[in-house]
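Chain IDs A, B, C, D, E and F follow the sequence of writing; residue 1 opens each chain.
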Amino acid sequence: MNRKRGLQVLDEMLGKETARATRQTWTRIAPDFEKYVVGFLSGEVWARPGLDRKIKSLCTITALAALGRTRALELNIRMARKNGASRAEITEALLQIAPYAGFPAAWEALAILEQVFETK
Amino acid sequence: MNRKRGLQVLDEMLGKETARATRQTWTRIAPDFEKYVVGFLSGEVWARPGLDRKIKSLCTITALAALGRTRALELNIRMARKNGASRAEITEALLQIAPYAGFPAAWEALAILEQVFETK
Amino acid sequence: MNRKRGLQVLDEMLGKETARATRQTWTRIAPDFEKYVVGFLSGEVWARPGLDRKIKSLCTITALAALGRTRALELNIRMARKNGASRAEITEALLQIAPYAGFPAAWEALAILEQVFETK
Amino acid sequence: MNRKRGLQVLDEMLGKETARATRQTWTRIAPDFEKYVVGFLSGEVWARPGLDRKIKSLCTITALAALGRTRALELNIRMARKNGASRAEITEALLQIAPYAGFPAAWEALAILEQVFETK
Amino acid sequence: MNRKRGLQVLDEMLGKETARATRQTWTRIAPDFEKYVVGFLSGEVWARPGLDRKIKSLCTITALAALGRTRALELNIRMARKNGASRAEITEALLQIAPYAGFPAAWEALAILEQVFETK
Amino acid sequence: MNRKRGLQVLDEMLGKETARATRQTWTRIAPDFEKYVVGFLSGEVWARPGLDRKIKSLCTITALAALGRTRALELNIRMARKNGASRAEITEALLQIAPYAGFPAAWEALAILEQVFETK
């Protein structure tokens, strides 16, 4: 795990303020959950080269939509935006997987997408 | 639905021979299943511009890995290859979603990936 | 896709007013999502003969309950009602799948069923 | 639980011979698994009036297809057949849920359906 | 099914007052749902010896977290508490399955865990 | 990540020989998959104190059964055995979650359990 790099990557993908607030939420529910997400998910997996972050964001969003994990979906849509994905591109990715994961999975994700892009 | 375009897109993504064989499988289990997959999934959804096919393939593969749909996963890995995705890129997409969909989901997909790229 | 027939079928299954409001929601999140749901899901798949609409509704509801897609579940319970399914029949279908998809899946769906039938 | 009724219902839905062989499989993996499936699933849930068995079979099959439970799917397709569902009707139910649970889920189930109806 | 034992077990795992209120919710959505949950899930499955209730609770919670069944998760976390599981132990179980079911599944469950233990 | 501890833990949970063979499989499909599973899953998550390994195994198995991840299920049943879980205890854990994740999920897992304990 690489906490230093993880904090850096998270700041880049969420903005310093939202990153800190999100980490506080994780720490409150379980300090080691925060430690793993920052050090491993952010500091190791997201830090990998090989695919650019926008593509990684789109892949993560379609997987989360398929699984119906709404909490992580909302966060990853915010990160996708900072990673350079437009609302149109995320919409395309969700329309693409609609017949594979089912239209209801895409509907749920598109509704969250709308919220994220309308609110702020 | 757009059958003509769907046949064209499918040929491009699978090669003429595999496309025909795959369509025959679908027709045998249910003629209208083949009709929908060719006319709608291939002819409408895959035919959309907005995201290039390689990215669409990666998004579809991660969604299918999350859902554990091995049959469609195998087919989509073949299509991803024709759509320009290297084994390394598909591997990256699967490592990216491993902590989101779980490492067992990634394991299953990576094993299928290996088979597809080793066999032919 | 058959938009004209899709609009007709949707009106029959939701009532003109709710159908329009629901389509507006879909258009707002993504115009082509609305186009696909109306033209393909409603205009092609729901329009198939072969099984009567009440049975189709029950099958769709049990699949959605198994997948935990609450948003589509609520809509499909409304449509099931217009398609002639009583609350008792939908309850039976959900009790039937409880030991297959798990009682928590049935619980969630029965709670939505109650809401739909109590509210209006 | 009602074992006597459960045995009766299972015999009706699988035929005496297949019912016995299937119960032996369950007993071998865990005697109480067999006890619960016969006494509760078969003797209580399947024994409910309220919906005819053919409709129950179709609902169970679509839920299992959505969840990707292939082993139970194969068994339930056999039972659906004895419960009066034709291959065409089961196909219709699976095409109906294809855009809701995803076409890959329907594909898997249609392939099992073909096997069951071709083999015997 | 064993209703008498089921009522007893439920009272022990939820407290008399919460048990009654929860059963009323089930009765309202479907009387036979309550009958099955009390008589079979509580009176048969939970009543089995072989594993102590704390371990059963942890196993049930991790399965529900994996499936994303939030309503049943909340109830089972309450029962886990009465069954002797500390917040720290439930947290450990959820961290254990995080890389298997995905961190988003654990996140959702940890957030519900926090609510249950903070509120009352 | 802690590779040294991860290798140690894996050896303890699988036996030196099976551990090596399994790691080779992972390396072949993707070297970094092996690196993450050994260094993070084994070296960090499994290495946590707080719950004994037998309980962790049972929790992991029920989560994997719920998700239908058969490949990881087989491996985790082997590890559960080395972690001190008897076939009877694993059976109990699977019967416990059967009404929550559905009997088909438990059936699949019990069949794998039988294979693992019969074969070697």
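In this section, contacts are C-beta pairs under 8 Å (C-beta built on N, C-alpha and C of every residue); 3 or more make two chains touch, one makes a residue touch a chain.
Worth saying up front: this structure is predicted, and the values here are computed from it rather than measured.
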{"item": "Longest centre-to-centre distance from chain B, chain (CA-based)", "value": "E"}
{"item": "Pair with more cross-chain C-beta pairs in contact, given E-F and A-F", "value": "E-F"}
{"item": "Interface composition of copies chain A and chain E: same or different, split at half", "value": "different"}
{"item": "For chain C paired with chain D, centre-to-centre distance based on mean C-alpha positions, whole Å", "value": "23"}
{"item": "Distance between chain centroids, defined by C-alpha means - chain C, chain E (Å)", "value": "30"}
{"item": "Averaged-CA centre spacing for the pair chain E and chain B, given as whole angstrom", "value": "39"}
{"item": "Sites on chain F at which at least two other chains make contact", "value": "32, 36, 40-41, 45, 48, 64, 67-69, 72, 95, 98-105"}
{"item": "Parts of chain D lying in touch with chain E, wherever the complex brings them together", "value": "1, 32, 36, 40, 44-45, 48"}
{"item": "Chain A-touching residues of chain B, taken from the complex the two chains share", "value": "40-41, 45-46, 48, 50-51, 55-56, 58-67, 69, 72, 88-89, 92-93, 95-101"}
{"item": "Complex contact set, residues of chain F against chain B", "value": "26, 28-30, 32-33, 36-37, 41, 64, 67-69, 71-73"}
{"item": "List of chain A residues in touch with chain C within their complex", "value": "68, 91, 94-95, 98, 102-108, 110-111, 113-114"}
{"item": "Interface residues, chain E side, partner chain B - complex", "value": "98-105"}
